[in-house]
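Both complexes below contain subunit A, partnered by subunit B and then by subunit C.
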Partner chain A sequence: MFDLPIEGAELLAVEFGDIVNYFSVYTAVLFVFALLFTVLAIISRPEKPVDIVFGGDAYYAKKIPPEQLRFQRFMAIACGLATLGAMISGDLFNFTLFSSMIGITNIGIVAAVKNKHVLEAAYQYGIVAMVATVPLFGGAAIALATTGTLSIWELAGAGAVPLLAKMLLVVGVMGEGMAPFYIGKAEITRAPGAPYVLMIHVSSLLLFLRVVEIALTV
Partner chain B sequence: MIEYLIFAVFVGLLLHGIHRKAIARIQGRPGPPIWQEILHVLKFSFKETWIPATASQTLFVAVVIIAIGVWSTALFVLLTGGSLLLLFAVYMLHKIVEHGLGLSSGSPYGKFGAIRSVMSAASEIPLFATIAAIYLITGSLMISDIQAWQAAHGPLLFTALPAAIALYIVVLAKMHYSPFAVIESKEIVSGNVTEHFGVWRAGLEAAFGLKTFVLLYAFIVLFLGPMPLLLAAVAMVLLLLSLSFICALSPMLSPFDTVTIQIGTAGLIVVYVLLMGVIV
Partner chain C sequence: MSYEIALPVVLVAVAIAFIALMIEKDDLHRLLLTDLAEITGLAIIALVATDLAEALILPGLVVGISELMALSEVYLVKEGLTETPKRVMHLEVMDSAPAILGGVLVIYGIVLSGFSGGAVAGLGLLFWFFCKGHDEAFEIIETASGYSWALWIAAFFIFMLAPQYWLFAVMAAGGGILLKVMAKMALVGTMRGGRDV
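Our next item is the complex of A and B:
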């Protein structure tokens, strides 16, 4: 796509005025994956977590309040929708907006869990995600200031976006949940509601895969 | 395409068998026959199967299908000379399969495996540094272009040795019995696959066989260039045996050590890529 040997052929472009979203072979695969896990979050019933009694052979099943799981599902679906948007966005600013929304909804997915370790991890992850929005929007702002546009269509292959802007975009997305800023997510994974907690990882990973494509393209 | 898929699954399972045999011989044990993993898959395929009462049932089954789909896509991309970026996107999506396997069952052992899987996500960072290095040298991320570049200029193994080492560590991290394989460590039973048995385990083993085939073949294609199938097969076995030696002689690392080593490798490769970017 864009006559660049990076992401395979163009499949479809969806215009919203001057904002043109696109599906290449690469972004379409990411979109389908995000869609798959969003559907799974909608249709899957959560697991019934079993815990081990420390120092013995006993097991017990934890009871999770249904209203907590409903809220988790709502946030997971919101996260899935934001991820879908980020996968096909043809505009740098929209991409950063979707990225920030993913960061917020990721915290939301575990915010209702009444577990000290999970809440502390979510709090720490939230701080990193919020701080990461500075380089994220900073990268987009520098790209706009130097080129006069945020459209990936116009920037593709031109090499006009400074390396600093690309690095800030990548660092910003990494702060939304990739290594080495992701470690709080290990504790978050203790939260119940597998189809919803999984969306935290799906969104972060897909976001990173998309920003790599953007950094190589613009 | 389906014949390639079946071929790759069987070869991948055979490679798993060779891996186990080599590890056993290095450790002074007789080890299982090399076709043992194929027999395992056949056995599991006909075992009684059900879904644990505590599991998220849809997700429990879906991750198995996704695992097969993910690696089938990777094989397709590799064989058709598609985008390297897509191939490694698929590799990273395997991480979601690992999380999903552990989380979906409700088992505490599966959950420990999933938590460790999140921590070991650091292994994906050297991967993208590798991609960046290859892109800087060859000017393309299409596997067909990279092969053409190597046909004209010689193997990338010599031109981009640090990138090859980074990918080698990535492949090592995904091997059974690897020092980085903390997600399936025995102190947490079988980690994230503890509760998947019967047909589900057969499907997973087939997908993991496919994964091993794709990763080894991708390494050969990316760093040694195009070669006849028989020669490629020999190169894959040699590569596998080198990995088996490391797996046989290295203890399982602690989860935090795996992260330290992988992040350290990633840091070195990023420095290499930045230097190369400046020089190029």
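Our next item is the complex of A and C:
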């Protein structure tokens, strides 16, 4: 599979039976990126948002309650771990499971904020993420039914996976990693609690890059 | 051949579920409809019809349920539904039936033994606690659950270290898992909101 142009050289392959988790140059770069932001989520202190009063010198400093901080940090770290898994998974179904875990943790990061508008956004995003598991699992199941295996390692370069399955996978990832695109309407970024909110963007960006790799490989 | 026929049928079902989601505007109803859509997704996996498909449905189901629970929590907080209901569900059958139904289920569960027996007997206890209420029952159930788990693990060691006593190990493991599953399910029956939960 490492003769494919997108992968680059093979760095490491971890075998579990027919499922091979692999680090090519491409996935290794994504993995390191995800690892970096997971470490950042672990060690960094949360920001303290400040609202300036319009037309004056006054400002409000918002306080983040420790429970919310703790919950958001936990969810951000869980999101980072799920991203790490999704980056190197060599199994289509494991990839879909990691993707939906990223979706769940993203809901968690946003929903920690007790603000009506933010919760509304989290709810609507959550429904999209939940419905997106249908095309995700459907894509993996159709790939399994037509080829008889879920191993990306075995499917690589064969072109055996039908276009429908690939399209369903991409649509599913679009649903799970939707949060950054939802911002135009929603209040997610106004929620206090960076750098944990940042994790939403990082995870969905990496998820998109990985599903492109999978769609081009299998 | 049947796969080619069944897949379009299931895809039509998926399309119907998604159209329903698009039309529905009420938030709570949409939450319920997402579960419907999720089930059609599981049907696509089930069409593969192998042991592997069966093994894939379980994580799919778990993901669906966990997302449903997370979203339900978000919905409760969003709508500010934090007060516990003053009057929990109460029906006539809950006064008359629990002793008989609970007893029958527990005895039948013990006859079945093992995981499925535990589920049946646990259902009986769940019904009992749900109807009759509970006080101080937690600690006993938790203790029994802990001991039965230890029994279950010990049975596995017997399988590995002294395989000639396999019958004893089977009995111990079957009894252990029976108690364990029963205790787990009985705890669900005590969750009626209020101070103990």
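Convention: the second predicted complex is superposed on the first by the 202 of 218 C-alpha atoms of A that agree within 3 Å, B and C clash if a C-alpha of one lies under 4 Å from a C-alpha of the other, contacts with A are read in each partner's own complex, and residues count from 1 in each chain.
By our rule, contacts are C-beta pairs under 8 Å (C-beta built on N, C-alpha and C of every residue); 3 or more make two chains touch, one makes a residue touch a chain.
Just so it is clear, the structure is predicted and the values come from calculations on it, not from any experiment.
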Answer with first, second, both or neither: which of subunit B and subunit C does A:Phe93 touch in the superposed model? second
Counting only touches as set out at the top, which of subunit B and subunit C does A:Gly8 meet: first, second, both, neither? first
Would you check which partner chain A:Ala122 touches, where first means subunit B only, second means subunit C only, and both and neither mean what they say? second
Applying the document's definition of touch, where does A:Ala145 land relative to subunit B and subunit C: first, second, both, or neither? second
Now for A:Ile107: first (subunit B), second (subunit C), both, or neither, which partner does it touch? second
Decide which partner touches more residues of subunit A, taking subunit B and subunit C as the two options. B
Which superposed partner A:Val134 touches (first subunit B, second subunit C, both, neither): second
Using the superposition on chain A described above, determine whether A:Ile19 touches subunit B (first), subunit C (second), both, or neither. neither
Pick out the shared contact residues on subunit A: the ones touching subunit B in one complex and subunit C in the other. none
Would you mind writing out the residues of subunit A in touch with subunit B in their complex? 5-8, 25-26, 29-30, 33, 36-37, 40, 43-52, 59, 61, 178-180, 182-183, 185-187, 189-190, 194-195, 197-198, 201-202, 205, 208-209, 212-213, 216
Residue set of subunit B touching subunit A in the complex reads 53-60, 62, 66, 73, 82-83, 85-86, 89-90, 92-93, 95-96, 99-100, 103-108, 111, 114-116, 118-119, 121-122, 124-125, 128, 131, 135, 139-142, 145, 259, 263, 266
Using the touch definition up top, name the residues of subunit C that touch subunit A in the complex. 3, 7, 14, 17-18, 21, 27, 30-31, 34, 37-38, 40-42, 44-45, 47-48, 52-53, 56, 59-60, 63-64, 66-68, 70-71, 73-75, 77-78
In the complex, subunit A touches subunit C at residues 93, 97, 100-101, 103-104, 107-108, 111, 114, 116, 119-120, 122-123, 126-127, 129-131, 133-138, 140-142, 144-145, 150
